[in-house]
Every structure is written in structure tokens, then in C-alpha cells.
Amino acid sequence: MILAILPVIPLIGVLFLLFKRGRFINIPLITSAVVLVFGVCGLQSVFEGIPLNYTVPLPGPVAPNFHADSLSAIFVLAAGFIWSVVSIYVPEYMEQEGRTKVFELCSLLTLSAVLGVFLAGDLFTLLLFFELMTVSSFFWVIHRGNKEAIRAGYFYLFYSIVGGLFLALGIVFMGTATDIMPIIGSGPVNPLNSKAFTWSIVLLIIGFGIKAGMVPLHLWLPHAHSVAPAPGSALLSGLLIKVGAYGLIRVGEFAGWGTYLQGGVSWLGSGLAVLGTCTMLVGVLAALVQSDAKRLLAYHSISQIGYIILGLGIGLYLGPDGGLGLIGSIYHIVNHTLFKAALFLGVGIIYIGTNETNLYKLGGLWRRFPLTALFMLIAVLGITGAPGLNGYASKTLLHHAVSHAAENGPQWIIWSERLFLLVGVGTATSFIKLYYLIFLGKPAKVKVNENKSFGMNLAMGLLAAVMIVIGFKPEIFASIAAAPAAQVLGMKNAAATLESLSFWNPSDVLSMIITLAIGGLTCWLGFRSGAFHWHIPAWLTLEGIGKLTGMSILFIWRRGAEWYGSIVATAGRASGNLRARLFKYFRRFDKSRSGNIGKINLTGISADAALLITVLMFLIVWYAFIVK
Amino acid sequence: MLSLVIALFSGAVGGLVVAMIPETKNRLRNYIVLLFAASSAFFTWHTALKVFAGERVRVAGELGGLAFSIDPDPLGAVFGLIASTLWLFTAVYSFGYMAGKHKQRTFFTFFLMSLTMTLGVAFSGNLVALYLFYELLTFATYPLVIHERSAEAMKAGTKYILYSLSGAGAILIAIIFTYAWSGKLDFSSGPMLANSLGPGLNWLLMLFIGGFGVKAAIMPLHRWLPAAMAAPTPVSALLHAVAVVYSGVYGILRTVYSVFGHELIGQLEIRYILPWTAAITIVAGIVIAARQDVLKRRLAYQTVSHLSYILLGAFTLNAWGLAGAIFHMISYSTLKITLFFCAGIISEQTGVIKVSKIGGIGRLLPKTMAAFSIATMGMIGMLPLNTFWGKYYLMKGSVEAGKWPLAVVLIISGILNAICFVPAIVNAFNRVSTKTCEEKGSRVSLMLAPTLALVMIALFIGLMPGIIWPGVEAVVNWFY
Amino acid sequence: MSEVIKKLIINYPYFAAFILFAIGALTVLTRSNLFKKLIGINIMESAVFLMFVAAGNIRGGYVPILNGNNPQTLFINPLPSALMLTGIVVSVSVTAFALALILRLYRSYGTTDLRRIYKMGNEVSE
Amino acid sequence: MISAISTNLPVFIIIAPLFVAFVLPTLAKRKRLVENLVLSVEVLMLLGICYLASIVLFRKDIPIIYQMGGWPAPWGIELKVGSLGTFFLLTIAIVSLPVALFARGNLTHEVGGKERIARFYVLYLLLVGALAGMALTNDLFNVYVLVEVATLSCCGLVSARNHPRAAKATFTYLILATLGSCLVMGGIGFIYIITGHLNMEFASRELSIIWQNNPRVVWMAFSFMLVGFGVKSALFPLHVWLPDAHSVAPSPASAILSGLAVKGYIICLLKVLYNVFGQTLMQAYSVHKILVLVGMVAIIAGSISALTQKELKRRLAFSTVAQVGYIFLGFGLLNTRGLAGALFYLASHAVIKSTLFLSAAAMQTATGKKEIKDLSGIGRKMPITAAAFTVSSLGLTGIPLFSGFVGKWNLLQGSMESGSILPISVIIAGSVLCGAYLFPVIRIAYFETAPEKDWKDPNLPQKLALILLSAVIVVLGVVPGPFLELANRAAAELLVLR
């Protein structure tokens, strides 16, 4: 029952918000806090290893079904927490942007949808909340209402809709592949029709991949995440793309965690790993050349999602030994939620203060925003994976998983391990660049507004605190949440693997520090050489290629339409002519029946009589001379 | 039996009564229209529930030397329910829309008349009755098409009549062949042509589909439909998005399931072509729609596209496809009517009829535009709306039939629908319009109330598809 | 060939009827004067009458009058002749009617020439 | 007395109108009396015919044969009251009574003074009598005489309007019809020459034995008959006289001309073809193919010609040409369904076309305009007239519920049985074209705004006539039972192989 109640709580909040008049009560905060509390209390049994299940009793072929295991619980709590934090941040921030109420409404609706996705017990319910989430979060993207925002809104909505449709098709194939629609949390699916099952998995991955921002389906992401108001971006980047990751984990569950994949889906692990590597790489490379802070962060979201997908892929690839990959992914999901939200919120504070997000126009702001600078530093260190902060923990786990796979794996995994490190360097580079350009460096000549920023800094502080806690005690989260989740999903020896691993082993710490150092060096090189201002030519980017394809399709279509139109027009004209001629002929036949036979002119009756006699003669002649 | 007769003839009787009310007594007329539409709807429900429960409700007689029977089976009952229920909503909408317009008497007379004809098509128990009501429907709706009396409307009317009559002609030929080959005309005793097999059957099926396809707007027989948008909006909404075009679709469903039977068609060569005609219409219709600037024409082409969804379901020749077709029939109708209603409100309140001018309307008419947006989401096939379920079962049917490209076609169509309408909606909400108008007053509320109610219904069905499942199940069980 | 000629000679009344018919038809066709057309029609009718009467004729037959002591048994067939009486009556009435019409046309158009009547078209008032 | 009447009923039915026709001129001064007399004759005919029909329908034995003057068959003239005869008689009665009623309403406008009206009625009754005779007679020469009577009275009716155009049209009609009569008589002559009989049954019996000896003469007879009756019944392309004549005639006259007179000749041709020549000969000479072919051409060409017309009455006249095509098509199908369909179509067209002409005439009289475009909005001002026009249009187009559909349905069934798709398509195309030329009229009548003029429905008898005829259309469409039964039986009898 609690499962069905959780998504409803924000809706009650919506009602309150609608009827709120003037008085300052932060309803979203209260609501998300309630969600958090309910979640913690209600889902206790889940952490003890007993999944909850609830089916809404409705007639018909599909009854909405809710299900919670540890994985769902992690996500639900993360959502509740991040929403509470952001809700603290929102009022002061949105005072500047305007239309607070709309934002809060969408925010609550999205919370409801997100909770629904995490608690969904079957694919239909999941899809339902998935689509709702798309629609409600869409309003964040277009919140500013300027041209750029609308364009990004289109992007976002189209991609999400397409994703939803792919999910729907995937569900269709799933239904064909199995007799009964698989319940989420019920483990691997035993397909009757393995071909359909393969297709279903592919389609579901595409659907969730779009949401997660997986390359090459990520095009919408940088646009959407950079134009939304900062809290919106924080939630989009922090949590909404994780919905995609969550979906991918569930897809993995259908295929079977902890088993060597067989048959039509045997490629799944390696495929995901390759996709993850690409995503990671593309994200970080694009991020390096960004000049806008929010876009930079948005590309990093892609890059970090790449880590997560890579982890999932490796987890699947390794089968029973892939526990670290899965745990690492889950862990990284949570961590990324924390630091990416913090980063966006920090940039938001800067934006509110200066009306500027272009890095090259900012600088030396640590004096004006000391607290922000501090929290940002923590977040930056977190994302770059500095030891002692949360990013380090999850990246270490992932790295262990990858290198384990690389030890006796094929060539491409070795390459992905190398790229993994490279991406770490890239991440460090770009974040050092970000931090340097905003807070250090020459003081910029931007006008700085004085705002109330207590709530905003409080929100960031909360996030930073959690990051530090996790950073110092990385094994707590891994062992009490991530490992059980992995075990429930099917990684039988996940906890054991985790036990055998020490987070603070020197080589890892060292490698991280080296990575950071190289990052700093590259950053310096980048500033000197101006490589950060380099842009790849438009036609080489995915967007450019997409545009070209679209234009050529449009061109062909137009030609086709012209051609068809001309055919139709010609046919129409021809038939019109024919009709006119027919009419003319018949009218003439009626009006003046006259004609000449030899030199004799036949008019009126004569012609009629002639006609009669001709017919008679014809009949006679026809029989008498032709037939016989 | 009695309820069937009342349900069927409420419209005709009501039409006659309305015809006798003087032009000026609008209020009285509205009440009477509402009364008859409601009684028709009520008794249709009454009949339909009986039919779903397995009871046989039948009126039979002889007409012109031919057996003639009114004998709704579940499929007919579903169609009847859709038609009569939506008629009620449209009636209310029309009271608002037509207020202050000319020739209201004519409008409502034929509006009610068409109800009888549509229900007649739905409830027909044999091909003769189907043909009769199908023909009469053309004539009953003609005055509605040309209601504006403009040159454009008159031309559209002529086009409509010519297309429809040609289609009816083809159907008549086909009926004759059917009768000659099988000696049967009744739907109730299983597929008529079940035991015959011959090369002519392909042609016969094509004839049937060509004939009914005119009203079902299969490309390239669709051209009357966009032209018929010259009619007042309630007419476009109800007749040219639902009732009339559904009569064609219904005819094809009948052909497939009652005349030929899916098993027989499964042995004909034509089965390879049929789904693809529908698929081509689906894609081409929506692509053309995207190129239209006039909102109602765009909606019309979208109708063309979506009607073929239903046909696609029928042509997949399996139970899931049929279920999808029925589901889509039900759910699509609610949302398409909503879209047209919104278009009507927009054009009435602001005078905007073009998509390119729609910017800012969302701020002026928030409720209308919200309804429009939700309905559009439904057209795309997004979940909280009922059309998802139709689409889902259609896709399932296609995949089960081994024709997964058809499912992809449906997905592509969803994407194209999004391309077609989403920019307009975003524009509507984001730009600031230069116009001023309000969403207030009794006239607007008369128009708005049914619109919002329909959206609610659509959402409700979308969240609880189980409530219409018994109907769908009954239809599927009837044929499979 | 001679066979054909022989047949023609034996059946000369029919041959004559045919020629008459052709003459009549040609008259109707080529003459634009109303009277002449009428005459043409009459000629054609006569041709048909001739054919009928010829059909009833029997070579060497006698007038079919039965008065009880006539020894002849070979009568010509009286029926066609009797019928043709009716036909002639009909023909006369047609002629009379046509003449009346011609009179009316002449009064309206001032001519009995068909071509000129046609040229005048429908403009003539009552 | 009663038994005398009932045994002599067939001949009374023919004689009564003829007799009254001769009495009428003496009563010319008393218009009301004339009109009442005509009406009562019509009513009596209707009653008598109904009685006959009931006898034919319920006593299913051999047809009633009535010998004129008591002479037995080969010598005397026979009247045969069979299914076909009764069927056509019923049609005559059903159509001619309302037309007479319509005529009673207002003739002065179109025909003239009392004298002229009386003469009009004389012709009218003569025509009805002749048609009744055609329905019943079983003798070839009698057919000729009746055809001539009918032709003359038709011509008279056309010229009843005092207008030069009428005279011109009549003259054309007269010349062509007389030519046709000549041919018919010639054809009869050929049959007589080879068979020696004028009684149809005897001639047919004889023909079936000896036709192979004289194939060319039989063919001559065929072609003379076809062309002769063809020109009279406006078979395409011999219809040239019809549009002028029918559009110019006074309205009751054009109604009965288009509705009945043409049908009389068709019935005669039917009798000659099936009762005299018989099915075997038709097949041997492929006459049925010619009929189907000509019928199809007539349907299409007639309809397109009708489409090109702007005057309402001319359009209707051309429509007659097209509809005659249906009937001929049915005759050529050589099966019971097709033939019955053709017969039923004949009857229903008689009713429908009379209604159309009468309502068109009423509109024309009210508006004083001939062209279709001048009728805008007349539906509101003359509701009953326009309704009658609409009903009959729907009937002619072949919408179910109206009589035209039943005929077309049977025709289609017949075509189906004959196994070729072309006639079917042509029938359907004809229907579509029919819609195309009639519905614009309805559209203009109902859906265009009327000018501010005082147009009114005609007076009571005329309205009554229109309502009666429309009712018949609907009744025949919904419960064609006995009528269709008669047509079926007639078709079966005609198709009996001799």
C-alpha cells in the first residue's frame, strides 16, 4: 500500500500548492520531506531483503502493479533527498527567474512521476510514469520561454516521446516473447520467442538510453539541461537521467544479472560496455571545449552516465563475477546525483548573482561567493574522483570491475580500461578549468547582484556534507545499500566481492592523484594553447550529420511531393478536358443534329430519319453479310 | 427489442420534431435535441449492455423483397456506443458553437437524422441494412457539409457526394457478388463466404475495401475528407472524424470478419497487400498533415492517418490486432473530437484558423489549449491517454502476425504526429498573442464543458483500460 | 445469279415494295419541304401495304366470297387485305394529323421548309 | 350481370377509356363534368385491374384468355390476361390516375380553354386505352393498330400546348414514329409471310418449326421490330425525338409520355421478342447481346447527355433515355431475375418519372423558369413538390427504401447470373451518374437561398397527385411483394422455352 501512496504524496502537494494563497510555506520541501520520511519508514522491510508488492485492484487486462526492492528503495530515497534539497534552494533562486509556482508545480508532478517509475512493478506502470515524467519535466526546459529554451524544449520532448514510443514497442515485443508480461523484480525472463526477446531488449535499451543520454541518443541533453533554471537542471541532470539508468538496470534484470548471458542477448554486456565507453568519451571531449558552464556540466552528465553504463555492461559481461560493476554503477548513480546537483546549484548561484554563465566572462568570484566557492570545490573534487570524496569510491569500484574484465578479456576491454583512465583525466581537466575560470583567475568585470542566498547555500551545504560523509566512509553505502541491491538483482556473490575489496588501497589512491595531477597539467596546457576554444566542424558532429540527413530527406520528400502533385494535376486536367469534350460532343449531338451525306445536307428530321434508317441498314447488313 | 428501436429511431424522430420548431426558438430546440440525443444514447447503452451479455436483440423484416435485419453484435454495439455517446457531447458543444449562427434548424435536423443513420450502420444485421444506412448516411450528412453555403462548401459537398456514391456503388456490386456466391447476407451466421475459394475473391475483397475505403479515407480515396472540413466544426468533429468515417471503417471490419472471415482472407494473396495499404496511408496521411497550415485540414489529414490504424488492426488478421482496432476506435474518437472541439473554440474565440498563427493562444485560452495538448499526446500514443492501449494492441497484433515492420510504422507515425503538433503547442503556450479574448461566458462554457469532459474520459480510460475491456473482449470473442 | 434474278422475278411484288420503300425513305431524308416529307412517309406505308397484300395473294386464286355454290376451293387469303384496310385508315389519319401540324407550323413560321424553320430556332413566340 | 362484367372485364378495361374518349367532345363545355368523368373512368379502371390482378395472383392456373367476339384463336383476336398483362395494367392504372388528378388541378395554363382541355382528355384516354390494349392483346396486328392509336394520341398530347416549338417537336416525333410504325408493320408482315399467323402463340409455334428455312427473313423481322419499336421507345441512339417532345409537352402529358407511353412500346417489343420469336431465336441471332449492348450504351450516353442539360425537363427527358437503357439491358439478360428486374424497373420508372415530371412542371409553373439554376431555394417555398421531387430522385438513383432500388437490385442479380461484370458496372455507374444529374437540382432547391418571390405549392389535386405517386414509390420500395411476384411470374412465363 505504501508503494501506491508514495507517488500520490506529491500530487496532494500539488493540490495544496494550487490552493495556496500568498502565505510563504515551502510546500515542495514539506512534500519531499514527507516522501523521504515515508520512504525511510515504509521501505525498511525492503532493506531486510523482503521486496514489497502491491497491485491496484482494477479490472481488465492490465492492473497497475507496484514493486519495491532495494534498488527501487535506493532510488526513491535519493529522489526524496535530492528533491528536498532542491526545494530548499528553489524559492530564493526562482524569485529571480519568475513563475515560481509553475516551476514548483512541475517539480512536484515530476517527483510523483519519478517515484512512480522507481516503484513500478510492471512495464506498463513504468511507461505510464515515464511519460508523465517527460511531460511534466518538459516545462522546466521551456521555463524561460526564450527562443533557445523552446528549441531545447522541442529537442527534449521529441527525444523523450520517441523514447517512450520505443519503450512501448519494446513492451510489445516483450509481450510477444513471453506469455505473461514480466514483473519487474522477478528476475531473468525465460523467453518463448528468443528473437522477439532480443528485439525487445534492444528497443528497451534505446528507449531508456534516450532518457539516460546515451551516445548517440544524447543530442537533446546538453540543450535541455543547460537552458532549464538551475534547480531544474540539477534535477534533470541529477535524477531524471538516472531514470534511464534505472531502466537499463531493469533491462539487465530481464536479461539476467549474475549469469552468463545466453542466446539472443549474449551481446548485451559487451554492447553496453562499448556504448558506455563511447558515451563517456564523447561527453568528456565535448565538455572540454565548452565555454558555457551549464553546457559543460551537461556534457559531463553524459560522460558520467557513460561510466554508469560501462559499469552495467561490465557487470553483465562478467556474469556472476560482475558484482563490482553493478555495485559501482549504482554507487556512481547516487554519487553523481549528489555532485551534479551541487554543481548545477552552484552555477545557478553564480548565474543569479551575475546573470552570466559564460566561463570566460567570469573570474575571481571566490571573494564574492566564498561559501559557494567552498561547496563547489567539494563538488568538483567529488566529480573528479579525488580520494576522500564520494566520486572516488564509485570510480574505484568501477575501475576495479573494468580492470578485472580487462585482465583476461579481449582487446576492446583493455582499450576501454585505458579510455576509462583517459576520461578521468579529461574530467579533471575540464573541472579544473571550470573552477579556475569562475572562482579563481582574474576578477571579472561583471556586475554582481546582492541576493538572499542563505537557502541556496544551505542546500549546497547539505549536499556537500553528504558527499564528505560518503567520501570518508565509502564502504557504508556500498555495503548497506548497493550490495544488497545487487544481490537482490541476482549478483549472488556481490557482497563477498565487496568485502574483499579495500577502498583505501594505495595504488588506487595514487592513480587517482596522478590522474588529477595530469588533469591539472592538461588544463594548464589547454589554457596556453587555446585548445579549449577549438570546435569540431559542424558536419562532423552528430547534430550536423542529423541535420544533413534531415535536409536530404526533406529534399527527396519535396521532390516526391512535387512529382506526385504534377501527376495528380495532369490527371485532373486530362480528365477535365475529357469531360469538357464529352459534354461538348453530347451537347452538339443534342442541339443540332445535322450532317452531310455526299452533297445532301441533312437537317433536323432528315438527320433523325437518316439515323433511323442507318441503324436499320446496319442491323440488316450486319446479319446478312457479316455474320453469315 | 424496444430499446433497440428507440435507440435507433430517436434521431430520426427527433430530427422531424426539430424540423417543425420555428427557426427562432433556439432554446426549445436545444432542449429537444438534447432529449433525443440522450434517449438515443441511453437506449444504445441499454441495448449494448445486453448484447455484451450475450443476449440477442433483433428486429428483422423485409424490405424491397430483401431480408433486412437490425441485429447488433458486439462490434456493432461498440460502434453504436461510440457514436451515440459522442453525439451527446457534440450536441452540447453545438449548442455553444451554433449559437447565433444561421440555419440552426436545418443543422440540428440533419444532425439528429445522421445519428439514426450512423446507428443504423452500426446495428445492421445484414449487408442490405448496412448498405441502406450507409447510403442514407451520405445524404443525411450532406446538408451538414454544405452548411456554410459558401462556394467552397458547396464544392466540398459535391465532392463528398460523388466520392460516397461511387463507393456505395462499388459496395453494391460487391454485395451482389457476395450474395450470388454465398447466398447469404446475414452477419449473424458466421462469415458468409467462409466455404468458397476462388480467384475472384481477391477482387471481391478489393471491391469491398475500395467501396468502404472511400468513407474510411484510405489513400488515395481520401480527398473528400479534407475538403469536407468546410463544414461547421461540430460536424467536422463528430462526422468527419468519427461517425461517417467510422462507418467506412466499420464496413471494412465487417467485410473482413463477417463477410470473408479472417481465416479465408488468411488464404488469399491479397493479405500481403492489405496491411501495407493501411501502413502507407498511416504514414503519408500524417506527413501530408504536417504540411497543412489550416488547423482543421491538418486534423483532417491526421484523421486519414489514424483511421488506417484501425484498418491495420483489422488487416493483421489476429485477435490482438482486432482488439487494438476496437480499442483504437474507442479511444481515438474521444480524443479526435476533443481536438476538433478545441480547434472550433479557437477559431470561434480568436478567429485563428491557421497553425502558423496559433502563437500565444495558450495564454489566452489555457483550458482549451491544455485539452488540445493532452489530446495531441494521445494522438502520439503516450501513456496516460487511452490511445496508447489501442496502439499497444495494434503493435502487438502486428508483431504476433510476424509483421513487425508494421509496428515500426506505428511508431514512426507517432513520431510524425509529434512533429506535426508539438511545435504548434509549444508556440501556443510560449508566444504572446496580440489578440485579446477570454475563456468566459455561457457560450464558451457550453463548448468547453464537453471538451474537458472528453479529455477526462480519455484520461480515465487511459489509466483504467479495464473499464472498456469487456466490450473489446466481447468483440474479439465474437469473431475468434 | 440467274437463281437470284429468277427469285426476284417471281417475287416481283416484294421487289416493288422494296423499291417503293426506298423511294419513300429517300424522299423523307432528302426533301426539306414538310409536305414532301409527308408524301415520302405515305409512299413508305404504301410499300408495306403492298407487301402485305402480295403476301396474301395466291396465284390463280379466287376472290374469297363464300356463297354456298361457288365451286372454287382456291381462294386468295383475304386477311391481309382486310388488315390493310385498317392500315390505310391509320395512314390516312396520320396524314391528316400531319397536315394539321404543317398548317400550324406554317402559321407560326411562315414557311413549310424545314431548314428555314430550324434556322429560326425557338425564338418564335406563341 | 356481375358475372357478365367480370368475364368481360378485360375487354371493358380497354373499351371503357376509348368509349368515354369519344363521348367527351360532346361534353366539352362542361369542364368539371369532363374531368370527373375522366377521373371516374380511371378509378373504375384501377378497381377492375386490381380485381384482375387479384385473380391472376391468387388463381395460379393458366392465364385468362378472352376471345374477342367469340372467335377462337387463329382467326379471332385474343386478349390474354397473364401476369405480364396484369403487371403492366397495374402500372398503367397506378400512374395514369394521379396524372389525371394532376391534370385536373390546372390545365388552362398549359393547354388553353375548355374545348382544348376536353380534347386533351380525349387524347389522354385514348392513350390509356391503347396502352391497356397493348398490355393485354395477343395478336400482332392488333399490336400495330394499338401502337398507331397510341402514337397518334401521343403526338396529339405533345402538340396540346399551343406553342410553335410544340408543333415542331410534334412533327419530328410524328415523322419518326410513323417511320417506326412502318417498320413495325413491315416486321409483322415478315412474320406473317413466313408463319401465316398473326396470333402470337400460333406464330411462335410456327416460327420455332420453320425459322431455319428462312433465316434472313426472320432476321429482317427482328431488325424491323427492333428499330421500329426502338425508335418509339427512345432506345439510344434512336431517342433523338424524345427530349424535344417530352420537354415541350404539357406537364401531365410529359409525365404520361415519359412514364407510360414509352413503356407501352417496350412491352410490345417484349411480347414480340419473347412471345413470338422466343428465347431460342433470340439466342440464335444474338439479339440478347445487342439488347444488353445497346442498353449499356443508352445508360451511359443518356446519363451524360442528361448531365449536359441545363433545363430541368430536358434533363429529365434524357434521363428517360438512360433508364430505358436499364430496361433493355434487363431484357437481354435472358434470365428470370434480370427480366423480372427489368419489368419491375419499368414499373418503378413509370411511377418515378411521372412524379419527376409532374413536380418539375409544378415548379416551372410556379416560377415560370425552366432552367435548374433558377430553382434556388424552392424547397422551402414548395415543400411538398420539392419533397416529391426528392423522393423520386432518390428512387431513380436506386437508394434502398425506394422502388428504383428493388428493380436495380434484381437487375444486378440478373447480370450476376448472366456472368459478366460489365453490365453490373454499367448499372452502378448509371446510378452514380443519375445521382450526379439529379442531386444538384435537390441541392439547389434546398440549400440555396430563395429569391423573395411568392412561390407556392400547387393546388390540392396536384398536391394529392404528387403525394400519391411518392407514396407509391416508397411503398413499392419497401413492400414490393405482390408487384415483384407478378414481375417474377411474368418473367418466368416469358422465358418458358417453346
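As written, the chains take the letters A, B, C and D, and residue 1 is the first residue of each chain.
Methods note: contacts are C-beta pairs under 8 Å (C-beta built on N, C-alpha and C of every residue); 3 or more make two chains touch, one makes a residue touch a chain.
Values in this document were obtained by computation on a predicted structure and should not be read as measured data.
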item	value
Nearest-to-centre chain - CA centroid comparison	B
Euclidean distance of C-alpha centroids - subunit C vs subunit D, Å	28
Distance from subunit D to subunit B - Cα centre to Cα centre, in angstrom	44
Centre-of-Cα separation between subunit C and subunit A, whole angstrom	100
Euclidean distance of C-alpha centroids - subunit A vs subunit D, Å	79
In subunit C, residues with contacts to at least two other chains	28, 37, 117
Multi-chain contact residues (two or more partners), subunit B	none
Multi-chain contact sites of subunit A, meaning residues that touch two or more partners	604-605, 609
Set of all touching chain pairs, with the criterion as stated earlier	A-B, A-C, A-D, B-D, C-D
Residue ranges of subunit B touching subunit D (in the complex, touch as defined)	62-66, 128, 131-132, 135-136, 139, 142-143, 146, 149, 154, 157-158, 161-162, 165-166, 169-170, 172-173, 176-177, 179-180
Contact set on subunit D toward subunit B in their complex	394, 397, 399-401, 403, 405-406, 409-410, 412-413, 416-417, 424-425, 428-429, 431-432, 435-436, 439-440, 443, 446-449, 477-481, 484
Touch list for subunit C against partner subunit D, complex	21, 28, 34, 37-38, 41, 44-45, 47-48, 51-52, 55, 79-80, 83, 86-87, 90, 93-94, 97-98, 101-102, 104-105, 108-109, 117, 122, 124-126
Subunit C contact footprint on subunit A (complex, rising order)	592, 600-606, 609-610, 613
Residues of subunit A that touch subunit D when the two form their complex	582-583, 586-587, 589-590, 593, 604-605, 607-609, 611-612, 615-616, 619-620, 623-624, 628
